[in-house]
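Sharing a structure here in structure tokens format.
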């Protein structure tokens, strides 16, 4: 089976990571690569690590260019996917790495992103309860945000054991911000420095995490989420804590059991043996999520630490995983749990 | 006034930072510099940045070597300070950068550090309520831990406004771990990676933060504390959150007011104007703490973010500040709020 | 075809990288994994990124453990390979990532490494003139050093155009030093800092580069080589300069031509289009060498810049490439030219 | 003595470093701070580490604003200094951190920078032969480029011992490129990566190094210069090599002697004891240059390694040092040789 794909937004970090992964996928033929202001450039100028595509040029992002592919990946700023997807019609599977179709609530969308809601698509986190079945054979997929991926997977197995409020502080590499030319993203500013942003519940991934955990819990979960920028290109390490319900008091065994059951058969989520804690470089470039839990017995509080590569499983890897499900290919095809370390 | 000082543990990071700061202090004459396994070495071998001391050699850490100085700084592993301090008697002011005399509860000491409690000394965080007066003229000072410094200052002004449990996730540079030769502290492992440690309330700074906040609140405060190692040499960025009491509901004004009042006259704690958030490189090498607060109105939750240089205000800067208070010198002598950035 | 392999030294960086690459190789079954002081540990403790091998334990490095594999990779400190190889006899292909069998001159060996020369094996840099043919079907391979790999490939095409002395300054990540627990390799020391070492021709890779370039030139080439440690885990960027002979004066065209010809059919050496310069992150994790040349016309001096991942093409990737040649597999099997960036 | 100063270009890295140093200078009162597009902003927005100036606002860069100060520092893009300096007339000492007045040859200026040469000013590297005397009492100073500073100091003592061509490869942090919003300067691109630029003699600092070394030698010296960007904010480590003349053959003693003599009385240039090699973090934030030399005896080649902080002694520190000389203050006033490490 040869699947012909196109990538819209191939000059950015998510687009580059998609192509890196797809080049290793046995069933893929890489078709059109498009960009906006960089259209006409050699891809190599923007993705110097993709040598097998060194001769390719970026084309304009138009429906004409993108048509005629089996799968079209959209790695565009939010607000740009809906129209393109409609124009492409049902001829192609469309996998949107952007935010446009993640939120199910139109009110949430309008509050957090502004403008009209484009509707929601099957949500590309198959490891969440009852989610994989919606992705098999899907023609549209909304790839989750990077923080929601790691945060939701870190807490979903525990929702029955915890109270209704969770606190998440997630340390992230800078590639999550894309290639935006902002002073605070310059190497000189980033190296040797840590900084928080979107503090006080202001980050747009907050409603997405809330949506996922509330769905998993079957009741509203409140999410305190603070992202912290650290001096690394890739990787998110999320520290997630929540009060345990009285019934779980001091019951670290129950907690471990819940996580082991949840992820025993998941190919990409790895619940570590006791005594091992995740690090972001262990998942770098891979589709793996590494995770460990413990209970702070003085406080009867659950603490989960989880690591993910924001560009891989956090974005492009999830997109490929969902493509596999949509196409009926093996879910792990072209993907790996092996990180590039040290 | 010329004050003659000695540093025990001059080959390590805390010792080096003490010397860096003391070299800029107008009233200090640097006397004996001691070490353990490195005794006999040129200081330059261990502290290549201290050129004015390039000709100095490290001596053995003995009471004979340390006697005869006005102030003796101890930058030793925990458990080594009490005996030295006793031998030095009252002839010298002793400022202990280690943990031995920080905890007031002997039970806490035994639980967290093991062995017998050496007793507590005046606690060197003058910005905490009623603390400065205990340091003026003191002959013994226990310099706070780096995480407790930033965490306690971040939350102390709010203790009357919040519920009894706080969650702190603090991202730290690697110098906080000292020059320990452990594989996970190698540059190849650290760069490009974030990792949590001491998770689940297992870090020894937890009881110290608890002690400080409970004292400030006049009631027991429970502390969920998770430290995260990030790829930078220096700096801690602490994200501290707590549920606001009903009375403070949506009252961001009260919160800002509390912080402004608390630190209006503090020379080193800088509560930032609205819209500005702290970064660790802005305080690098300085004795400043930068801080910002907000209220997550969806959750009625306080979020404070604070930055400190773990080696400066987090250790050696605090030691110099306390020395100034002990000696009756201006508190800011030899210290600065100017960071080295970018 | 299934090839059963063993790795001696599987706890280190070179061993980990070998396993990372071999896990992606279609024809490989991973057998014994051995270590010295870490024998008995879970591999996961030392290689947390190798999840598919998470259940494996490290065994002792003995001939009994290593016997019975088709290929044995040795990733050991120098001086430990010869005896093991002899004991293994001809039953296994032995691929030595260490230095023991790289130098052809016994005098050079004794001067640079001390002790008796173990003899030389086919040298695993197939891109050098007349080298590939010696590797096809070989039973023993000496994998080149990382600096010699990039330096030799950078200058070999130009040996007929340049005078007899070359100057190489190579900036390297810290993983080249292995997991050695030395203070100067701690993250706190490495981050934010650059430093030279082995200055003045003192680095052991100097005679290896000299050997390669002299062989390519058919005359003695003198090599001034200075390695510089930079704050990154992986990657070498070599800046190589040499005086052009009079006949090549101002002849940038001839120079480009020589490089294009030399590497036109090489799958892993990529001579970049004009205007593009190599960066180490573009080759991270890949088996590619990226290269660009120019002529400083004011000085009639050739300047070549080349990038390689020291652990991949610089060590473990070359080992796999040579294994492929030794076994008669496609040379590129299990290897990629796609880097992990950003 | 109180000297009132102004800084034009106070929002950039050089401007920020000037202010950091001047805040520690005992004789300075900080007057107008100007910018271009950032005029009107709080300085804190651009220089969050300069807390004592947290209330200051940036003004427009006009002669009216800059007039009435004793010293005006210009930290502007090249081409902007000459006109401002002329308008300021002789009322102020003008210290230009830009390139406009560094080159003595109008031809060189036009070739490397384009446009008309603004003329040359006393060159602010007092450690070069016969240079200090031109700076004492000067009303105009051209602050050297960062690479020329470290390269010239590294080689000047040896000019009588070496042949006419030198090869310099200098590894630099990214702050040397300023706050330019270019994709290749983003943290995501810079971290974990090394890259060369201005290769083949194309960097504008080449003629400046050539000018300095030729002046020191009294004969033309040819300079092969390659700058390499490394993942750190600050610091330059220059590796400088040159063939020794026959007369100096194997004469490492003569070489050390030349360096010891040259810098014995220099307060900021530190020739290290044998066995010690410079690192950039040892000079971070300081006005020191650390240096070591050796002779590669196989090649009879001198190798010098020198470290400097590009923003401090490489730019702003040199500017303050020259201001001191110009005003007749002690040359070291407000400056330090103590780096911020680790």
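Just so it is clear, A, B, C and D label the chains in written order, and each chain counts residues from 1 on its own.
By definition in this document, a contact is a pair of C-beta atoms (placed from the backbone, for glycine too) under 8 Å apart; a residue touches a chain by one contact, two chains touch by 3 or more.
Just so it is clear, the structure is predicted and the values come from calculations on it, not from any experiment.
Q: Higher C-beta contact count, C-D or A-C?
A: C-D
Q: Quick one: subunit A and subunit C, Cα centre-to-centre, how many Å?
A: That pair's centroid distance is 35 Å.
Q: Specify, in ascending order, the residues of subunit A that touch 2 or more different other chains.
A: Residues 13, 173, 175, 186, 188-189, 191-192, 231-234, 278-279, 281-282, 284, 341-342 of subunit A touch two or more partner chains.
Q: Chain adjacency by touch: line, ring, star, complete or other shape?
A: Its topology is that of a complete graph.
Q: Please output the residues of subunit A touching subunit C within their complex, sorted ascending.
A: Listed in rising order, the residues are 13, 16, 20, 23-24, 42, 44-45, 47-52, 54, 175, 191-192, 233-234, 270, 273, 276, 278-279, 281-286, 288, 290, 336-342.
Q: With touch defined as at the start, can you tell me which subunit D residues reach subunit A in the complex?
A: Its residues touching subunit A are 13, 173-175, 177, 179, 181-183, 185-192, 231-233.
Q: Would you tell me which residues of subunit C are touching subunit D in their complex?
A: 165, 167, 169, 171, 173, 186, 188-189, 191-197, 199-201, 222-224, 226, 228, 230-235, 237, 239, 241, 243, 277-282, 284, 292, 294-299, 301, 303, 305, 307, 341-342
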